[in-house]
Amino acid sequence: MYSFKNDYSEGAHPNILKALVDKNLEQQIGYGEDIYCSLAKDLLRQKMNHSAAAVFFVSGGTQANLLVIASLLRTHEAVISAKTGHIYANETGAIEATGHRVIPVETRDGKLLPSDIELVLQQYAMRPHVVKPKMVYISNSTEIGTLYRKEDLEQLSAYCNSRELYLFLDGARLGHALTAEGNNLTLSDVSRLTDVFYIGGTKNGALMGEAIVFNKPDLASEFDYILKQRGALLAKGRLLGIQFVELFKDDLYFSLARRANEMATKIGSAIKANGYPFLTPSTTNQIFPILPKAYIDILSQKYDFFVWKVVDEHQSAIRLITSWATEESQVDEFIKDLNNL
Amino acid sequence: MYSFKNDYSEGAHPNILKALVDKNLEQQIGYGEDIYCSLAKDLLRQKMNHSAAAVFFVSGGTQANLLVIASLLRTHEAVISAKTGHIYANETGAIEATGHRVIPVETRDGKLLPSDIELVLQQYAMRPHVVKPKMVYISNSTEIGTLYRKEDLEQLSAYCNSRELYLFLDGARLGHALTAEGNNLTLSDVSRLTDVFYIGGTKNGALMGEAIVFNKPDLASEFDYILKQRGALLAKGRLLGIQFVELFKDDLYFSLARRANEMATKIGSAIKANGYPFLTPSTTNQIFPILPKAYIDILSQKYDFFVWKVVDEHQSAIRLITSWATEESQVDEFIKDLNNL
Amino acid sequence: MYSFKNDYSEGAHPNILKALVDKNLEQQIGYGEDIYCSLAKDLLRQKMNHSAAAVFFVSGGTQANLLVIASLLRTHEAVISAKTGHIYANETGAIEATGHRVIPVETRDGKLLPSDIELVLQQYAMRPHVVKPKMVYISNSTEIGTLYRKEDLEQLSAYCNSRELYLFLDGARLGHALTAEGNNLTLSDVSRLTDVFYIGGTKNGALMGEAIVFNKPDLASEFDYILKQRGALLAKGRLLGIQFVELFKDDLYFSLARRANEMATKIGSAIKANGYPFLTPSTTNQIFPILPKAYIDILSQKYDFFVWKVVDEHQSAIRLITSWATEESQVDEFIKDLNNL
Amino acid sequence: MYSFKNDYSEGAHPNILKALVDKNLEQQIGYGEDIYCSLAKDLLRQKMNHSAAAVFFVSGGTQANLLVIASLLRTHEAVISAKTGHIYANETGAIEATGHRVIPVETRDGKLLPSDIELVLQQYAMRPHVVKPKMVYISNSTEIGTLYRKEDLEQLSAYCNSRELYLFLDGARLGHALTAEGNNLTLSDVSRLTDVFYIGGTKNGALMGEAIVFNKPDLASEFDYILKQRGALLAKGRLLGIQFVELFKDDLYFSLARRANEMATKIGSAIKANGYPFLTPSTTNQIFPILPKAYIDILSQKYDFFVWKVVDEHQSAIRLITSWATEESQVDEFIKDLNNL
């Protein structure tokens, strides 16, 4: 069995493990005050062209989401998310557990438009009998593989500014977004157009780790307390710093993501060539082809993947995910098996 | 500068890094469902001689504490802790942030006695105008280096049972406790005498990681939800499983802790030989000698440590911590410098 | 201007004020331990034919909802509600502020069916990445004036039992439901078919006050703590007890509700006679006729009411509410004005 | 049995009930937007000589405390209170349930001094491992009957300003404080020297009700949301407005409190004349005489009161509370019985 089930089936890129071994017995200060965290922050600020950005490293995406949202919202404020958004669909009420409603919005492709937000504001107008929408949460790439283009993000950013809403971008798969075919955003654009975002390491080469970036550093002036309070401050913070130094010092982060996308695209092209449709268009490392159920059963015997959605009696959409570690030989094998169906 | 400031200044024991490298490209299921987590749980259950115990791996001590407490207490229930207890003294209100009061108890040596708890129950009798004390939180070894002996824990356990209080033991430094001179507890005793406890990896050889053990598995029947909700479920759960396999397969965990204790004892003996007193008696890896301020200043130029408490105009207690990674040559150097004062 | 805007524009039924005056200088124990609370509880248990029910009095509906839900749900559990349900639409995230998601369900008429719940359970199956639905919240009469009939509630109750879901009924307008044309439920049925419900006083003759009833008294064994903790325990609890004695000792509660319904029905019949449709069918004290906007403007000059929903360019639905205190002469006047349009 | 157990054993001052009856059938807008709430706010702003103060009416003291604290503190911030403070001693963890630690301070007389706060700040210095103290909570009169004098409050206020701490005064018994012998504070002083405080109605003539006053109105700009979210917004807000109009339009509030104090003083003088000591000095409506246990037993047969604290084998302190409604004939009777012992 080979798994296309997710992008966290393997460990870390070997460079990272090598660095952990090399620096293992150096004494470093705890709680993220070590020199590797410091180096990694400088590197990220430089890459995003924003020298004042406040950067914090945490262990995972759900943790990053709940920390950011709990720290920025007041008790009566809420966050708007696509229904497919990770905070609404996959985090066991992590945001509600910090006291805030997640307002779900039905979307076609996992992306939020200013008009979606405007509608929410109209529905939540009857102060004080409703929560106050105060933040917009988006993911790039989205949970269903789609992308925000630069013009999308510019419009959303301008709209959020005009309505005094925070714009928060979940970048669990930001690398995959920024290296996908059709993308025209840069890391610097993301930093310029959002209030806060994070750069996902877990799904792109790290053992674990996300870099939260507050583009308006005032918003983060007491974020260190929140990290500790929610159990997110690692004693050996070096573990995160070292990984992000490795991921960014030679743009490894981007080359790993690009490779993951290429593997998915290779599979996707073969599927297209066989005439099968897709649930959503995707140029990132997640694709959602719609296949006959009988063929899904056959492929399941050799490959592990998620059956995403029943389309009709005869067909379902499956989710195939590739990563930096996906072996091209397995991709080729999968394509061969598919062509043989 | 050599640091005796804490027991998380270095990375992981080399066996752990080697195992991470060896298994790095194996595909494993995410979220702790991998074979290494499974192996590690079996190993722990065997070591504690309790085949039905429910085991979960998380990243750190504050996280472990808030997860356990938030999962077991109802909204109006509270936890009792020594004033020096980590949840009261060092966790930025993590427990209160989950909605529960931590009831502080002044102690002489960081340990709670049944009579301490009894007094709290008397003070919190005026239902429903007060919270309901429902859990007792203890640390072993304590935050000030002291130990619970078997008879201590047996009395506390019997008392808690008789008053329907959960007994929760924070084992961030459990290895150091169980291998200290004067200890008569085993891992199996700890499992038998508490409702829930955890085995700290971060301070004893791991990159990060604590193993939470529910000795009454019914208490954990829905703990998986809580892990995810509080951002504690690592996508690459293997990272924790692999480490605990390494720590326990050859009792490395205990030999590392024993060595840490020996280094502290070596320093402590030299201090005693020089005639200095200690703030608290300790046979574990944390010692609190009381030294003349002038000498503290001199030692500070070469060694990093924490000045714990001003004792009087001329003396302060300092905290010296050793770990599995402490170099004996540095210990010897420190002793030489001390003897020269 | 005469107001049909809501059912809490006036004070209390004169019997209640008279009782408050009569008993004013009697000394009573505080915090709901007075004899009037005791009498009122006995009276309610007798009326609902359930001598073991646990009864508590609180000040308002949002308070009742958040108390019940916070006390029954564990941290990872969620409550299912119609999108029009008060806890989802009108309570400023009160439930989320206690840490729980409210799962919204789109409905045709404000009522939940077993099939709606079943669908939610399917959508929330991917444990532990989603919250655990554990409670179903319904309102009777609903926020849009519709009714649960006995067969509806029996089916829902059986379904909830089979899936181990609590069934909680918000009875802010329970009196209006139980006295409406077409109703076949009794107070005893409601008690038998739900786990917990409340009997709304605020909208039916009281100054304020709702009686929360736990039909399974075990569920309420520590509810007194929750009342105090959430600021819901009145020092002068007699204020609530006296009111519920007056409301129930001669079935005033039902006669007041019946009268409110009759006034709404009288207006509704006139509207029907004029050929206007309704947004939802209602035999309770809230009706939602759809009128030409020009007529709405004219009526607005003399009457206060809520414009509920724009239907199209020319028509909107308005909400007219009557209460025990609505003057029939004003109802007649409104009908005359309507007929003249 | 006559009760000196508390100051909420009776209903409301007759003027209040009369006003409720008089205005009962007037239609008023709900949720505190009625003309009586508006009138009462104007009246209070005038009495406290602060035309910009933001005023809100709620049902009780615990509710007022949790609303104010939850609205002003960020998630990692804490409130400092005397150990005898109501939020620490008597509210079932209401503040912790909103996520915040209450830091207890041992005091001699229930009052906090700048030096107490300074010590807390020193103990909570190790950012980010500790909560951030951000608010000081005091009660006047205190829970043990003592008073803040003007110079006390001026010093505390200056200190809090200098350390950017909010100063919040719980005025559940503010009337009794401001009319007590030895008091030199006015309502205007309290408004000038605190950030937020409340004026207690429940214990001084109202059926229920506290008026929360934000002296810096910016702090309250979104407090309406919080009121609704925590279940504190009464549908018939008029109930609170009407009562505060009655209490303040002719300074009834002060004359009622003065009378309550006089009754306590009368009893206290008799006790002093008999040579018994007091636990704390008090000129307010709560006194804590220390009496022989045998005499306490005799008095208990005819009077209801609280045995506050065991002093030694032979003596206990009891708490006697008087109110606006205490009958002087009963006071005289008590004194006679005491003198006869």
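Which chain is which? They are A, B, C and D, in the order written, and residues in each are numbered from 1.
Simple rule for what comes next: contacts are C-beta pairs under 8 Å (C-beta built on N, C-alpha and C of every residue); 3 or more make two chains touch, one makes a residue touch a chain.
Since this is a predicted model, take the numbers as computed values, not measurements.
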Co-neighbours of subunit A and subunit B resolve to C, D
So the chain most remote from subunit A by C-alpha centre is D
Ranking C-D and A-C by C-beta pairs in contact puts on top C-D
Taking each chain's centre as the mean of its CA atoms, subunit B sits from subunit C at a distance in Å of 51
Between the Cα centroids of subunit C and subunit D the separation in whole angstrom comes to 34
Rounded to the nearest Å, the gap between Cα centres of subunit A and subunit C is 43
The positions of subunit B in contact with two or more other chains are 75-76, 91-93, 97-99, 128-129, 131, 225, 228-229, 233
Per the touch rule, the subunit A residues reaching subunit C in their complex are 75-76, 78, 89-93, 96-102, 104, 126, 128-131
In the complex, subunit D touches subunit A at residues 70-71, 74-76, 98-99, 127-129, 131-132, 222, 224-229, 233
Per the touch rule, the subunit D residues reaching subunit C in their complex are 2-3, 5-6, 8-12, 14, 17, 20-21, 23-30, 59-67, 91-94, 97, 202-203, 207-208, 225, 228-236, 238-239, 325
